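Working notes, beginning with the structure itself.
Labels for the chains are A, B and C, by order of writing; each one numbers its residues from 1.
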């Protein structure tokens, strides 16, 4: 349909109308700018500005001119009542812009903020307005959902909550009601995000143990992901919970078991698998051979389901391998060869390996050398037969063997800082 | 009194204003057929009648309609008809007013006095605020009838309420490792249908949530799934079990979603096609797929009749049919109506099953037994259902699976509760109906006592004494007649079968379309096509951008002064609308 | 409160009276400023809407025609529902149409069942005064009837010559508006006035 040439006559007519609109727009716009230049602070300009703003609310000059006129108006009236009326008109205009045409208009929200602080008795209404606009996010509103980005609206809501000094519980309930509305609510990303902000406030204001709050959130997430295991928003939120939670093997256990029962129902749920893996990595428990085999199978499964993120999954596998296979030869030698590792960040960032003096990771698929500064005792590193392209982070070591990698360039200063370095088999240029 | 009807040459004469006939009248008039539409009652609705309390009481307290055949002379070229009552009243009862109650009935001069003198004055004075459906019917939001209402613009006469909740009567859940109790406690549980409701639900277990969503999601293209291929001719329940659905979820699906009478009689293919119909109506207007017309289901009939009238149909209530007149070729040429007047029609004559040939004997057929209660107490608490404090009310459909009340309960009982929010009852009163299918050969007494037991026990379980709260109750049986009605097979005589007893309108709409096609054979007419738009709205509306720029409306935007600033949009719009409307013809 | 929540007032006005008294003509004259001499028992007339200013308030009048269903007293109860005002019309040249006013008024009160029937806003219109020579119902008689029914406003009009039509409907709007908010109003949640937006996806997911 789109490729078919349209009726020429209609096109001409449409074009003509479009041209007329553009001419008129420019005419009105220039007229306003002229007036402003000439320093006319005239309330009679407001109706014209109204229409122009409704057409183009992201044109900051209109708002600025408006503010000039209004500030002037405000300075001329004495009673609070009159001032209030002036602000109310501005609020009505911004509401019209936001609810009818341009919900994401940043400048309009800004103008509204500028006004609303002056009329405390109207603050309460603002919650209803944001609720109304945010409900569009959930609905199949043809006109608004295309353009609607809720972030400004949420920010504004948070701003109003602070003005009102509202208890976060009410807002938590509000988020919950959004999350449990219709079919789309469960994956309302902003509602989860806003919930996390409100939880922080609740923790601070009511002195409630944060872990306790997080456990309740985990319960909510459980319900959300059992309802819809593909619900990314809930899984992301869970990742946040996981990161904030004080280390607890019990919690990890519960997360793992929950995810496993989801996988039992929906074998293709990559988020559940990933969540298991993230949890296992946080766990201090030593995993059995059997368990590792199971997890590696899951990783293979993930790669099959989501081949685009293959490298990430292999990285996760490397982390697990390094953490759970018995690679520590003695107190100070760590050796892991022929394991198809793609990175070794896991040992670098783990206090358990602080005392390692020699690291041998030959015959893997490692692509880069991470920052090794936390391995304070490290003297020797052997990285032969890997896929490293860049020599870095090995300053000052006694011995670096990095034979048969992909290194093309070396930094002379760095090479000189190492007592002995073997770069044989790299495609070095010069 | 016996005002003569204009003897125009009608294309079609329709008797009774049941939904099939009303749809048909509207559809025929829209394609410029000349229609005479009669109804022997003094109200619209036929089998889908909605009555106020007084009318309902008249209906309930009358005797059986006698079939008086004295008028029927055997005429040459005519077949005489006999009225056959579809209803049998099994029981009625009402709370008597207390002696201390003052008689205030005189206050309202326009109250008819047909209600018994000893009836509670609170009921009598509010009689007209009740809208009691003779049969329970609901609209699927995405069903054909809603599409017809929208496309034909008939829907603008009507307002609807979304059914707030669908409930199923289920035994309490036994947790893993718990020993099941001697007798299970049953209660109504809400069937969660949207993801939001499923997430919130605390009765359904976490894994059940997954299985339920999976089932709902997958049922839009169930035909292509290998599991379905394998099970399509097996009992529906087997298919559901194969999909790992728990007994609770099976109950939800069989009774609340597929709306079946029992779990045995339907195979997976039929079950799933019903599920699909239900699911495809979800999420359009509310959290259930059902709409219910404010003021009761007969509003629909009246809306379709109105469109017929607007397009020229002649409407005559209080006039029945005596004889069908036909020619030697076995074609109906006209009818003789109750004042003896002979009316001609060229294309056909449509009749409902309340009429049959005078010589026919009613054979046993399936029927529905229905209990109607007016209660001061809700069975389903509006606050709980809507999740709001001080809720004004709610509309609920609930199902009691067979066997929940012993082996005597062979079929599912459908419960409906409506109130002031559907404009069906005055404030503080609830209209509750229970209905169950009755097989041929079952005794009326058995079914009557079963329904009474169930309703009493349902109130009991809420610690409410039935007699304390139920101000009015009636139980009646309604026949579901189909097939032979004893009339000769005239080619242009159409006898509409009774409604099939199901909640949705699918069957009735298909019947109406079927007769419409036969009556307009070879003319290729659309059934209730889109209404022509007298306003030419789309062409004339000034687009928003032009309006804001003041294009084409110079004089109006010039009028806007500063005070009117915020209102400018409204005002201009109004003026635009006004302009358009004065242009209409 | 915000301006956008300002509710537009919609008034339902129904016109009752015998067939042929000019109900449809009056409507058409008022809304469309048109009159057709050719009588056709109402076909195609449904309801007409018109926006009017009443005491600085903008109201939309929705005027419902009987669509011919009055001919054999076969108007269903749905027609009467929610009426804010009822216009009773008779033909000044046909006494019978005036005599039937009692029946129409009673029918309305029974079917519409307003909570306060004695004060329900009726307006009476004697139509066809352009045919003065044939008049059979004297104005005095009509006014007396109106007075006896609680001072119903009375107008004599000619839909044909647009006499008094505007004035009568102005009063109709005003009386209808006066009746507003008498009883709590519970709106339906769904009407098909605007076609619903297509559901984004059918089913749960």
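Throughout what follows, contacts are C-beta pairs under 8 Å (C-beta built on N, C-alpha and C of every residue); 3 or more make two chains touch, one makes a residue touch a chain.
The shown structure was predicted, so the numbers you read here are calculated from the model rather than taken from an experiment.
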Chain pair, A-B or B-C, that carries the greater number of C-beta contacts: B-C
Per Cα centroids, the chain farthest from subunit C: A
Inter-centroid spacing, subunit C versus subunit A (mean Cα positions, whole Å): 60
Centre distance in Å when subunit A and subunit B are each reduced to the mean of their C-alpha atoms: 49
Geometric centre distance via CA averages, subunit C-subunit B, whole Å: 29
Multi-partner residues of subunit C (each touching 2 or more other chains): 3, 199, 201, 204-205
Of all residues in subunit B, the ones touching two or more other chains: 194-195, 198, 213, 283, 566
Shared interface positions of subunit A, touching two or more other chains: 92, 96, 183-184, 228
Sites on subunit C touched by subunit B in the complex: 3, 6, 31-34, 42-46, 48-51, 58, 65, 67-69, 71-74, 76-79, 81, 106, 109-110, 113, 117, 186-193, 195-196, 199, 201-205
Of subunit B, residues touching subunit A in the complex: 194-200, 206-207, 209-211, 213-214, 244, 283, 287, 545-546, 548-551, 557, 560-562, 564-566, 568-569
Subunit B-facing residues of subunit A, complex: 17, 20-21, 24-25, 28, 43-44, 46-47, 50-52, 54-55, 89, 92-93, 96, 179-186, 222-224, 226-229, 258, 261-262, 265-266
Contact footprint of subunit C on subunit B as seen in their complex: 3, 5, 43-44, 108-110, 112, 128-129, 142, 146, 149-150, 155-162, 193-195, 198, 213, 216-217, 219-220, 279-286, 291, 294-295, 298-299, 302-303, 305-306, 309-317, 319, 392, 420-421, 423, 566-567, 570, 574, 577-578, 581-582, 584-585
